[in-house]
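One structure is given below, encoded as structure tokens.
A, B, C and D label the chains in the order they appear, each numbered from 1.
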């Protein structure tokens, strides 16, 4: 089995999962941009979004066959509720685990540890409330197994396509939002220099909350996309969380377009890499990429700084 | 009351250091209101952590048997359950076992559930002559490590593996099999057994392993690229569900099969009914759905556990507990129970509970299940199917 | 202009850029041994950038910095890490004082003194004689340095709690702890009152008397005129004059540079 | 009495806390009824109790604040508080109190049940040792290491390799008594620490956290995947127990008894604590303090920051490796033992007990691990049983609460709590998370 035969299939798989990493990575990058800290609990925001979306679609799933309009409606519903849950979780997280520390100006180590605590708390609470088995959407929202088209012999299923297209749409939406709206302007000005921004009348506290919520909305929607493929469970956040973080660092943390590029590149690289090292080492590949990137180019592919790149 | 409870949860965080010294003993006195003697049956398994669900399945199986026995009330003693959590990990196995041994009212125990924790725990049970009957630890080596009081009501992976391999090779006529395990102690044991039998049967085998994860797309690409006639996964239902989902999503058309760790309705839920359709499952356990005794078990389980459905290893735990109860007498001691259990012969719902001299079950039937219209249906035992 | 032989530091054609911004352009200068010299210039002229190039915090894109300690060999400073440069004998203070805030005055100075010691973690953990000897010596040296800068009464106080002027002197003591041949002082008089300034003047002279060469950045011209024997003037990242204070003061280019900024830089015109 | 906006907000927060507690302690839900747990917790009479609890917390806090406000005016009380505080500060220094604690540590285990003794060794003692090592990295050097347990794994596997012919598929050409493995394992773990730390310690601190996390994961995955070397997930069974042969003196540590191991470990703990307190007071300790308070100034004062961070990292790693040897000689282990959760547990112990304080981190291990042990049984007198599966919820909550209300930990080191206070006022960093590259001189 030569690499060349598998190349396109690996590429399709990598692009699809990479686009989901990118959506989650944006949350890390945005928060890093304004606060210069890694939001370790972002993975649980993602998990809550996944549960929200999955439970919403399960509740409204028709009993018979699903028509095309219904399936589109359900996906949009799942995305919407997922995003909402993610946003709420991020808001609650900011309020409880970050704001009290920021008020006091705690050392940065304290933030990291508080976030680890929040992560433990949130994931196990989800396990208690939603059960500890993975939760599936019982019916495939669109004929899962149907091949839409093939790229040089690589299968692209309907679901792959939907995930990729939705992720891309979310990424474009966010890019516009950061570069073209007042909120985006606020975020960028806080990212560049929060003291100056505050002097110029920007409500920094509000911007920080909005940034968390924005990242949460994206992660929640991303969580639903991920859950469509891989189900939702209380431990689901950790691995995609670490990978999305890797993606953010890869592209240059704090840099919106960098996160997108990083996500796609990571998705591709880990899939090509596992071909040679074995699928059981998929995560090892991702971690190795992270280490190498940090050593060779610590500021990522596109460089850091939210303010500059967006 | 509730307020005191909640205050206490906070207060205990403060008083923790002191209370450790204060309540190290923790052994409770026996004797109950009805005047009958009270025995405690211990249970050890993962009650927290990633594998908590399997532990809870086992725990509730034990509880069902105990509750039933107490309700019947025809025994010269009453029974109590004491659970000890080992998180399914070896480093907690010994402490969890020691906790049961320290409680002098514990007469025998069901568990440990996981092979790793079993290896850490059994020296303690041996030392205390306490009978331990595992419902689920299937690693073949466990009965050859010199543990004196270890039994299991489940056939080892070696037996299941041989049966499953024969069925794949002769029943389903697979020429090439992709054997994938979850790199766990259980998974590697089972995949090893299957592969050696497949090779004897002249089937081409590809071995691969992947630790539990969520994203099986890359693995699915790899399997499909290898174009096997059949895939056999040695691991648990949560991951098997995701794997099947990924395989079907990528258009895999071959035979898909897995073992007792996946023989659970939750597999169908995790994979989605459409994806799970036609998947084969092997299990060294009888058909718990059609047997009239099993129907009674199903009802008793739900009655005693607030409507929860039995899961993987619940029936085995139930059988193990009932087998222990069957050898209990009013004047039993740990040693006498352990001695009496050597010759136990109890008709359980999964099998006739009866052991060889080293603690393996005598009943070695391996059954094949298939998912049909979203339900697991038994096809028969391998010995019948392969002939 | 001093010759290469009796200069402790020689800066040759140093250019430092940040992106497209040129911070230092082809700067050359030398620092005489055993004397006090100063770098002056309007705000943003590149003085602190120059210090950062000398101490390894920045790496200039072009040029060389040669350092010759008393009785030692000439070595290149560009490309070395800050602590290596300190080991060679160039110590510094910061414009915005950077002490170790939670350590006591004594401990702050000890950190500087101990940079010359060799005993390691293992001998510390095993409490070997090496380690205890080092400890004794560093306390003794640090105490005498604190006396030297006039802070014997502050030994056990937490440095963040010290008055501003004392913090300045503590920082100088810490730098002296590393036994430098050249001491770089970044605006030591900033924020001090006239009495403290006079004390500082005396302290700088006393430091120079012990054989340590001193290079300071200063806005206070009165201080510079009274302690420095040589002055280098930077403007827009370029050297516009160098020489004895009274010469430099009369230099038309310097006058122009300062007049241009005199209105927005009161201190500089003082 | 009218409440200000702030007080109303606080009241709402306290009531919210009560509701959250109700959910945490209430019934669990399931995937088919995802809201049943929350409904069962909130739409039940018990919720009244929890709301009352929230109200009481608020009232207490409110009362305390008022009392404090009036107290600030009245001098004598404030003075009294100050006296008490200095007395408390001195408390740690008195050698008699240390002796008393040592006596407790020696005598109390004799009165405990065997399971508690075992837990005292495995859960408290070993973790106290691990926490002491991590304290050098986190508490002294201010670096966050999330893959710390990897070195523990290295220590354990090295032990199996050198002491047993059967535990692993491969073994050393000559087998050693476990006592001789201590130096070997310590050296290997330290080497691993240096190999990992060398390139990564120059990174910014929060990147280091992620890289070490990745390293920990890689070590665990490799241990699981390398069947031919580590025996994969089947683990290492059959490592011999410790034994001493000093001429005519011979003592074999029985593997099923915990106390001999416990006393050996206690001795080691005392020695390690003495060694680390020497370290903290030496030039190395001062240099590490300087690095975490102001890395740029430390460099400028001639402190080779990278090398010192590496030294701290290696000391932490070797302590972890040492603990691994002790563990392996007592217990069967497999790769599951060395999970990320274990790393996080050690970190939590360090934070909870008090970063930088030797006595603090040991107390942290006693309290947190002791609590985990005690909570397996119903709480005495009240009968409330914390479900095993929910233990990590409480754990997470404790971490957040500590960070919000008492970031310096139970028994903080004086230097560290000063640093945290100063860093809150914008002076210094109190950790090395912000690397040199980020600070503009």
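Everything below uses one rule, namely that a residue touches a chain if its C-beta (ideal position, glycine included) is under 8 Å from a C-beta of that chain, and two chains touch if they have at least 3 such contacts.
Worth saying up front: this structure is predicted, and the values here are computed from it rather than measured.
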{"item": "Most distant chain from chain B, judged by the mean position of its C-alpha atoms", "value": "C"}
{"item": "Identity of the most central chain, Cα criterion", "value": "D"}
{"item": "Approximate Å spacing (C-alpha centroids) for the pair chain B, chain C", "value": "72"}
{"item": "Chain A-chain C separation of Cα centroids, rounded to whole Å", "value": "49"}
{"item": "Rounded Å distance between chain A and chain B, as computed from the means of their C-alpha atoms", "value": "36"}
{"item": "For chain C paired with chain D, centre-to-centre distance based on mean C-alpha positions, whole Å", "value": "42"}
{"item": "Multi-chain contact sites of chain C, meaning residues that touch two or more partners", "value": "none"}
{"item": "Per-residue overlap in chain B, given as positions that touch at least 2 other chains", "value": "52, 183, 209, 211"}
{"item": "Junction residues of chain D, two or more chains touched", "value": "221, 225, 387, 389-390, 392, 398, 419, 430"}
{"item": "Which pairs of chains touch, using the document's own definition", "value": "A-B, A-D, B-D, C-D"}
{"item": "Residue ranges of chain A touching chain D (in the complex, touch as defined)", "value": "37-38, 51, 55, 96-97, 100-101, 104-114, 116-125, 127-133, 135, 238, 242, 245-246, 249, 280-281, 283-284, 287-288, 290-291, 294-295, 298"}
{"item": "Chain B to chain D touching residues, read off their complex", "value": "1-9, 12-13, 16-17, 19-27, 47-49, 52, 56, 83-85, 88-91, 93-95, 98-99, 101-102, 116, 119-120, 123-124, 127, 139, 141, 145, 183-185, 187-189, 209, 211"}
{"item": "Touching residues (chain side chain D, partner chain B) in the complex", "value": "18, 21-22, 25, 45-46, 49-50, 52-53, 108, 111-116, 118-119, 122-123, 221, 224-225, 227, 232-235, 237, 255-256, 327, 331-334, 336-337, 339, 341, 363, 366-368, 370-371, 373-377, 379-382, 384, 386-392, 394, 398"}
{"item": "Chain A-facing residues of chain D, complex", "value": "23-24, 28-32, 34-35, 37-38, 138, 142, 144, 199-200, 203-207, 209-211, 213-215, 217-218, 221-222, 225, 340, 344, 347-348, 351, 387, 389-390, 392-393, 395-400, 402-404, 407, 419-420, 423-426, 429-431, 433-434, 437"}
{"item": "Contact set on chain C toward chain D in their complex", "value": "48, 52, 55-57, 81-83, 86-87, 91-92, 94, 98-103, 107, 110-112, 114-117, 119-121, 124-127, 131, 134-135, 138, 158, 160, 174-175, 177-178"}
